[in-house]
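Below are two complexes that have chain A in common, paired first with chain B and then with chain C.
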Partner chain A sequence: MAKRGIEKQLNILDYALSSLWRRRTKNLSILLVFSAVIFLVASFLMVSKALSDRAGQLLVAAPEITVQRMSAGRQEAIPLAHGERLQGIFGIRRVVPRVWGYYFDEVTGANFTVLGVDPLQMPGGDGLATALARGRLPEEGEAGMVVVGQGVVETLALENRQLFSLFRPDLSLKTLTVSGEFAKETGIMTADLLLMHPAEARDLFLIAPGFATDLCISVANSREIETIARKIAELLPDCRVLTRPQIQKTYQVVFGWRSGFASICLLSAVAAFIILAWDKASGLAPEERREIAILKVLGWETADVLAVRFWEACLVSGLAFLLGMLSAFAHVLFFSAFLFRPILLGWSVLAPGLSLVPALALGDFLLLAAFTVLPYLAATVIPAWRSATVPADSALGG
Partner chain B sequence: MFLNPWSIALTLCGLLALALGAVASRTALRVLRFWDLGSDSNRQISLEGEIWLSSTLMAYGLGFQIVTLFLFVLAADQFAQAIAGAMCATGSLLASPYGVPTLLVKLCGLFFYGFWLLLHQLDIRSEHYPLVRSKYLYLLLLIPFLVLDVSLQTLYIAGLKPDIITSCCGVVFGSTAAGESNLLGGSSRHGLLIAFSLASLSLAGMATILLRRWRPRLAWSYSLGWLCFLPLALVVITTVVSSYVYAMPYHKCPFCLLKPEYHYFGLPLYGSLLLAGFFGMSAAPTGLVRSKPGLARVVDSYQRLAVKGSLLLLVIFAGLSWYHFLKYLLVGGEG
Partner chain C sequence: MSAIIRCENLVKSYPADTRPVSAVANVNLVVEREDFLVILGHSGSGKTTLLSLIGGLTAPDSGTVLVDGVENWQQGDQALSVMRNSRIGFIFQFASLIPTLTVMENILLPLSFSQRPAGSRDLAEEILAQVGLADKAGSLPAQLSGGQQRRIAIARAFINCPDIILADEPTGDLDEETERDILQLFRRYNKNGVTFIVVTHNSELAASQERARVLMMRQGVLTEQDGEAGVAHA
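== the complex of A and B ==
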């Protein structure tokens, strides 16, 4: 039974292919529009997934807990004395003050990220030296030493120069010496980075000594993050306590929300296409009626004609799925998803030259198929039935 | 949490299935009232055309619902990234009281929907459409189940709040869990394994005898045996097989098996088990319609196919579930 059944289906598939080829102009137009719709939906899902994956990868290196001081709903510099008060909490491995901010360079119009942190105090900070293409990390007590990213080197046209100057808020000049450069491979995190000692960063931003932008807290046991975060929040009521898992979840929610919102917008494109497909499939041309009537006379059953229509729909949607997915893949990988990047990233500028890798799991294919192929199959079923129930005598009448 | 591509896809599939089912049930009512194969009235002739439409619509709709089972599990896994405290599908299913019931309904639905599709296939193999009335009665009974399926799913998605704290699989299926600890805990592991091996061996034995000579009583015990074997196999996968796949003694989760990290091992594992279960459970009950006109040969060949298929898939399933365990015994850990 099974063998004969498979043989029959293969023959029907063969017939469906030839029937598609006979009406190639009509089918090609449907195929192209369908691929375009799948391309839109697929590239959107790929971009949002690639971005949330990338956020997840970057956040692995984030400190377990970040403490920021809030005043009137805005972040303010936090006194280092706050950090000393936390030393008593059991389970905290280290509290590292961090001074950071953005420096807008008016000449080039570029925004640099200035990070003032003692690399030796950060957990895993000794590994930072491996990210350098040349030079070394600044050491304590060395005035004006800075490690720069490749993007900074290019923007400031540093080439072999060691010295450059930046403006303090009061427009006095601060001279900095390049002690090292970050490697190109780490560009995603370091392209626009100026890494210096906290004292130097305080000097550049004119932050009073004894203050930092926030405190990074590393925790010995990652299972204790929530408990320790709660204790910190009780001890320092004027501070906002952010945990790494919390930040990760928030990113996921935001990306999920944004891509869900866009999916609803794109659903209208899918709906428009479904109406087109329904319309194209419903118009039963006289020769099509004759063809089916002749098949019926030859002994075909309604089930067989329905099977032909089913295979036709499967072939069209399968081919469109493949085309749409491939072009979406190319769009995200080679063109960095230029169509959708602004929507998902918003105005905030991530590291320059961000390349997105569309990593799709098997489930994402199923998700995309549920969005596009299933509605198409549902839309073509009633027209398929209409054509399958053409009575055999209608061929004789004409 | 409706604004998420997974929720939208699930809702879309559910609505499509409901719409197709609603159109089909209109014909079902007319068939139950007016179907008369002997008559050649206009109504009967138009009904004969309509049953093709409604059956095809229903077949599509039920097919979509079967797809949503997989979509649902994968979606729950995705939701875990957004729900605080949840690390995999277990956490997000427990985040709402409707999570586990939805999964169970969808799992049972897989078989209920499958049986309808099977009945439909048997029916159209005979010229007399002998099963039309029973098929459409079954269809009308399936509609409330379909509504239940879609509404539970919608309630689940609506009830998900991304800030709920829930437990993850490490806590729920771990040895410290109360209540179910006897069933899913470590103490009865040996007993479970023995029961699992005995059950699969006896099912294989019954299938071999049935393939040699068909005995209706044995066929019924074979089908009932599959009905009991399915939950047992799911428990064994959760408590024993999974931790060998993960190579972590305390990680016992039935859902993480479906992740790419574990090479989608769960797909062939669950795929073979569910399909084998479907074949096994349907082998005997199809005998009930054997006496209908034109069905004797069709049913006979289906029954043989079902027993053969379930035996083959059982061997594949058993091989897959023992693979990591034996590998651990022979090679010792993650080689």
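== the complex of A and C ==
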């Protein structure tokens, strides 16, 4: 009995395969369109997840609390004396002044991020050396030394030279020497980065000694971040206090907004495909209805007809899903998701040259399958079921 | 001989704009094993509907169809399908081949789900030769004429060695010579124990069979040739 059942299923599968082959042009077209839709949605989900994960990893090294002075709603330089006032708050381990700004290079049209900070004073700053592809971090007292990101290296053509100059606001030139380069893997955060000592950054931006753009604060107990942030805000009412969780959330929101926007566009494509599939499948062609009727007249059961259609749909949608997922994986891993980078990373002149590791949450995987494979199965099997349950004598004619 | 098919008070009508059209009206029919029953009638007289009811393709509004004492519509879909697959060979009014299958694949189609005997391909080739199309096994239906397609459909009806053949205008598209060959083939199968129910408007078909029994169908009513309505019995 079981052997008979297996033999029957094999016959059904055999018929389904030959049926797919007989309509190979139509099925191949569906397969390609279906794969393309899955490829787009899957690679988008993969790249947004990979970027979000990468940003999350890198932000672990961000200061737990950042304090910036505000005046008339705009950020201003903060006196280092503010940092000394904060030392009295219990729970603060260290206050490190930082000079952080942007430098627009008119020649290349690129915007560099300038970060003036003593890495050794930053918590975990000694570990920053591991983010370097070559060279070393500037040491205290070394004038004009800078570590640059890969985007800066390419933009300023620093591959074969170490000296370059930037303009101060008064148009005098400040000469810098490359002491190291950040690794490509950290590109999402460092591609456009110039890391130097605060004194060098002050000199570049002509910020007065005794001032910084913000204060980076590390705390003894990370669970106290919010409490300490509140105390700082009370002590320095002219300052904005940002916590690391807030910054992480902001990144997530930015990625979330961008990926959400693109997701809507892509889901529209999925919806269009489903509607098309439904339209195609719900109105079975007369020859398909006739075929079902003939099969029933020849002794096929309604369940057999449905099984054939089910296998056909499973094979097409399963293969399309596999093809789409594999190409999405390759697109993200080997081609750095070139189709979606501008959307997710912005159209920066210095696009970070980072390599992405494709990632997809199980929920997203299942959601994608639910939104693509299941509707296609339904769009194929339900009309066949409707045709198979009407009397088969229509095939007799007359 | 025992009755292989028994129809009792069979009624079937189809919905129409104003009132239902009666296709089969209170038909009683007994068909003995090895009968060759010819039902004559004009187009629209209900012949095809009667075949559908006997073959279990459509359900009657009332009445019963018994094949070997088993009521068709008291069986489930599975049993009815098995009955159609293993006991009945259908010859449709139109060729009804699957256009994307080759001639050989079309002929073997009824055997897809039965335990295909080892020599089924040989049998298919033999039947194909009997209908005069031995060289067309690999052709697609579109490459054949209407008459050739009809002969393929006839060959397909015999592949599962059925007890009963239900044929709807089986010689409609055939030339005289092919028609003669096909009717001879029918005669041979009939002599070997196959029961035939053939509906046609061709009165000469009945004359070609040695032991044909002829009934008339008019507006859904089945009568003996002499015009008496009611139970049609050999």
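Note that in this section the second predicted complex is superposed on the first by the 286 of 398 C-alpha atoms of A that agree within 3 Å, B and C clash if a C-alpha of one lies under 4 Å from a C-alpha of the other, contacts with A are read in each partner's own complex, and residues count from 1 in each chain.
Keep in mind that, in the parts below, a residue touches a chain if its C-beta (ideal position, glycine included) is under 8 Å from a C-beta of that chain, and two chains touch if they have at least 3 such contacts.
This is a predicted model, so every value here is computed, not measured.
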A:R22 touches, of chain B and chain C: first, second, both or neither? second
Touching partner for A:N11 - first (chain B), second (chain C), both, neither: second
Touched partner set for A:W385, first chain B, second chain C, both or neither: first
Of chain B and chain C, the chain that contacts the larger number of chain A residues: B
Which superposed partner A:E291 touches (first chain B, second chain C, both, neither): second
Chain B versus chain C as contact partner of A:T302, first or second or both or neither: both
Which of chain B and chain C A:L377 touches, first, second, both or neither: first
Overlap of chain C and chain B interfaces on chain A (superposed complexes): 302-303
Chain B-facing residues of chain A, complex: 1-2, 45, 52, 245-246, 248-249, 252-253, 256-257, 259-261, 263-264, 267, 302-303, 306, 361-363, 366-367, 370-371, 374-375, 377-378, 381-382, 384-385, 388-389
Complex contacts: residues of chain A adjacent to chain C: 4, 7-8, 11, 15, 18-19, 22-23, 287, 290-291, 294-304, 391-393, 395-398
Chain C - residues contacting chain A, complex: 43, 47-49, 51-52, 55, 57-59, 77-78, 81-86, 90, 92-94, 96-101, 105, 109-110, 112-115, 156, 160, 168-169
Interfacial residue positions of chain B with respect to chain A in the complex: 1-10, 12-13, 16, 19-20, 49, 52-53, 56-57, 60, 64, 67-68, 70-71, 74, 77-78, 81-84, 124, 162, 258-260, 264, 267, 298, 301-302, 305
